[in-house]
């Protein structure tokens, strides 16, 4: 359990302080900023959930949006057809996406590398087409949820979910045997198996876990936006953005997805506001992706490391993942 | 029976166009291990180049094909070192990097095209456009027939190049096993550059046909990326016969499903089949892919 | 130190998360209306008008048409001294937001316009999907919006309080072409209906089907296909059924591809019936003579004998539009331009000077429900109950036919400029 | 009882026989060598034992229990550890983390033979034994080649195996390094006397120095069995293997 010594570490203090700041946010900023903050929280959660699969385990999915969309639709349908309260619907949709991902994951995870990327993408497109032709989901008319116009509510829901995913990533993937096993799968799957790791089980767990988080966040999103459409929650853009955020921030790290989500989401919103009437922001987005990959392949998170050589590096140490030197 | 035959012919003609793209795509995947998300953008650029050239010179787009192929081959040749730099990045998810890079590239090209050329649809008119041939009561759209025949000829020529010329054999060696190829003293960089340039040239060239069969607009790439992926993956990366069979399959499935089941299910079934193929035959339907 | 799989920690994590999630219930005690007090405090002597539409993404083409319409209204108003309230004219300034053709992005964008730009009122989106996502936010902030484009009937059944539409819903307009054709001396007996799987196009296709059945035309095929489908196989199948009419619900791109595919397969029905999109200049420009004789539905054409004080006659409007954008406006552009006039009239009536207070916005919304404005586009009067709540249902649906690249009104009987050409000449004899 | 017994093992790749009718018996605490030219089927044999491939015909018994049909991880938990000819380290993880992953399932069978070993102490012991203690926190991928080989053996040992399979541990080493490796394996055997080692090699020098007993493989078959000295003078072996490649 937490010891006093751990509590006084700068990292922990900063974490707790930022939690307090984030909790007071709704009473400080305007409604629009709060909406942006809600969006940031949502994307942090999504990027972190993708990072469990793509970063720690090295299985690059271009179909993670499917989990998001399935969660959104299940929550929507449960609320509209069965009139369940939001949190009940959310939890059920989390469970269903988890089970769904276990079923889908078993065949899909036999693929690896680019094949896995294309396979997940094909699956996600299939889901979108399926929802488009189904009558229950409203097809191309989309699905409307009961309106709920409390900004603070959604901010705290998204904040809570992002925190949940963050803490899961921290405790399960960064600082545990489970995380090491997952990384072992990424590095050398065959070797991991010969060391006693049941890689099939590990892969399925990670896939299902990260899908479940994406699904729950999707459910919260559906209630927040109140209107979902196959193209908006199951479109390729959702998965693409998760991938880019993680890459931008630093793949396979704890803070990378967080930073990537903030930078990309705020940047996108800013560009839309600043040059509202042009498609030029696509150019900036594309250029940014290309440049980051060419010159900062470890993501923005590696900037402090570049810094470190010139400065004392206090900042850098703060954000680099904890090193374990003691045996 | 007439409908059945018509559907069959339609199916063959839909898939035929994508064979060339699939062949170029998978050979470049074999050599460079890049899944190119920008494949649709090369198609779009090829179609637009044909459109502008046709507008200013009034030369039939079909006659411009050799020029477009060469022009884009040159672009590919000049651009390849950048891609190579990404491929060479020492990173734990190197394949990912390349994938994301091409994704960024595709966004960049699409954004530039939208900004430069606006959002309008354009119609690329060729001498074969909207004409048709009557074959025993089956109507064959001339432009599609032309595209398929041309596509088969180019693919055959490319196959000859790969299997019968020294450079071609070297490329295949590099595609099948990079280490061995390296041991044999093959210059990997030169080969990669050549292959990428061929791939871009072939893809842009196919864009001329695709643009004239459907229509030309900056967002068109997204659609055809999906089709190209289908043919490449279902056929098995790097397999010639696989690409042809998968191309035909793509066409036949879309054709038969839309006639006999309803157009609503075409994409659903296509993606479902693609997914099943990937899971159960990751080396392609003929099992000949890498 | 390494530890075993931290069951204890897992419990702690879950406990913390549950705590936070349950806190959200209490944390969110404040209601949205209080949180978003959008009352403008800045002093200005012009109206700040939000424009939310698709400036990128899949619907960028139509999005820009709405933008052109709104822009032309703002420019014209400003050139004529602004919106007259009392004895003073106030200029309008448009603030744009791109919904990226995505409902969620649209919801964000409109929230930004309201809370950060503090716009007085809003000119609405191109797509029905974005309209549906934006409408609840408008209800939350009580800011009125009129969309000059969205046509999906499902918007109006939701009864949003602050959302209005100046184009009649697709199910009201799409019934007219087949109705007109059925009243000809040699009416079509069979029709094949294709629709694209988006909200608007599907509604159009369903309306085609319904009106065919109502008017005694047999529907031999009805198929709704996803966007991006290759039409060749479908048209081959339809060709075998040999219907008199092929009716298509879609946008200009699909219409173009349907005509191209039909021609390349040698399929020539007695008429092509479409809806929105054939009046888009690209349709005629790209297809040339092949575009001719296509039937469509519209609520406005440049030939109508309508006028108002701002733009003058419909013909004057067309001229102004053509000078600015080098294109002929379609009914969406016209509806967008006319949409601004509704606001002008309502503002003048209540005498609300910029910036608008919350009460004034409320008043504005009330007034929009009451007034009828006669514009170059036609009368705008929003329904106040029924299935088309807040939609401008007063407009007559016109049947148009493209002849030599011009839209000609061929129905209904009372409005027609010419008799419809039916059956239409084949592609190769035009 | 034999620790490892392989009976009538046969494995086909498509129509090709990679292993045919192979029989091997390994007694506990032995260092057993399998020699043969490249392509003789040695690595295939290891892959069959560790469950990476599933044999077409035949039996593989560990202490009398069949391994055939078991998954790699189950076989590992039964006490079989291995190294790979082309290193398969977790390159992006540190040296300690590599070894630690090996330790995760030392409590074989989940509670049955739960080890009472002091695991962190065991890591320290392995690091010292293999001379890796100074670079313990470096990423495995950044180690020099020789150290990577050692790390792989250390990682395999961390699983607390009964049977350790070494796949060409001396590949890519110069003669001096090979001698160092021989001493190292002897030291391992010294410190872990209960372990049985089977190693694959085509370098005679290593086998001579370490193994009491060897099998010679050629084209998927055992062509000779016995004590090193006997086998070396066996004419069939000389013809098939030693005759072609230089000894040592």
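Every chain is named by a letter (A, B, C and D) in the order it is written, and numbering of its residues begins at 1.
Quick note on the criterion: contacts are C-beta pairs under 8 Å (C-beta built on N, C-alpha and C of every residue); 3 or more make two chains touch, one makes a residue touch a chain.
Everything quoted here is computed from the prediction, not taken from an experiment.
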(message) Which chains sit in contact with both members of the pair chain C and chain D?
(response) A
(request) Specify the chain pair with the maximum number of C-beta contact pairs. (result) A-C
(request) State the chain with the largest centre-to-centre distance from chain D, centres being mean CA positions. (result) C
(message) Can you work out the whole-Å distance between the CA centroids of chain A and chain B?
(response) 32
(request) Compute the distance, rounded to whole Å, between the mean C-alpha positions of chain A and chain D. (result) 42
(message) For chain B versus chain D, what separation do you get between their C-alpha means, in angstrom?
(response) 47
(request) Would you kindly tell me how far, in whole Å, the mean C-alpha position of chain C lies from that of chain B? (result) 36
(request) Can you tell me which residues of chain A touch two or more of the remaining chains? (result) 129, 132-133, 177, 180, 186-187, 278-279, 281-282, 324
(message) If I count partner chains per residue in chain D, which residues reach a count of at least 2?
(response) 91-92, 100, 120
(request) Would you pick out the residues of chain C that each touch at least 2 other chains? (result) 1-2, 56, 58, 60, 197, 226
(message) Considering only the defined contacts, which chain C positions touch chain A in the complex?
(response) 1-6, 8-10, 13, 16-17, 20-21, 23-25, 27-33, 35-36, 38, 55-56, 58, 60, 67, 95-98, 100, 102-105, 107-109, 111-112, 114-116, 129, 132-133, 136-137, 139-140, 152, 154, 158, 197-199, 202, 226
(request) Going by the contact rule at the top, pick out the chain A residues touching chain D in the complex. (result) 177, 180-181, 183-184, 186-188, 190-199, 323-325, 327
(request) Show which residues of chain C lie in contact with chain B when the two form their complex. (result) 56, 58, 60-61, 64, 194, 197, 223-226, 228-230, 232-234, 236-237, 239-240, 252-253, 256-257, 260-261, 263-267, 282, 286-287, 290, 427
(request) State the interface residues of chain B toward chain C in the complex, per the touch definition above. (result) 2-3, 6-7, 10-11, 13-14, 114, 118-123, 129-132, 134, 139, 141-144, 213-215, 217, 219, 223, 254-256, 258-259, 262-264, 266-267
(message) Applying the document's contact rule, which stretches of chain B touch chain A when the two form their complex?
(response) 29, 33, 35, 82, 85-86, 89, 91-93, 95-97, 99-101, 103-112, 114-115, 119, 226, 229, 233, 264-265, 267-268, 271-272, 274-275, 278-280, 282
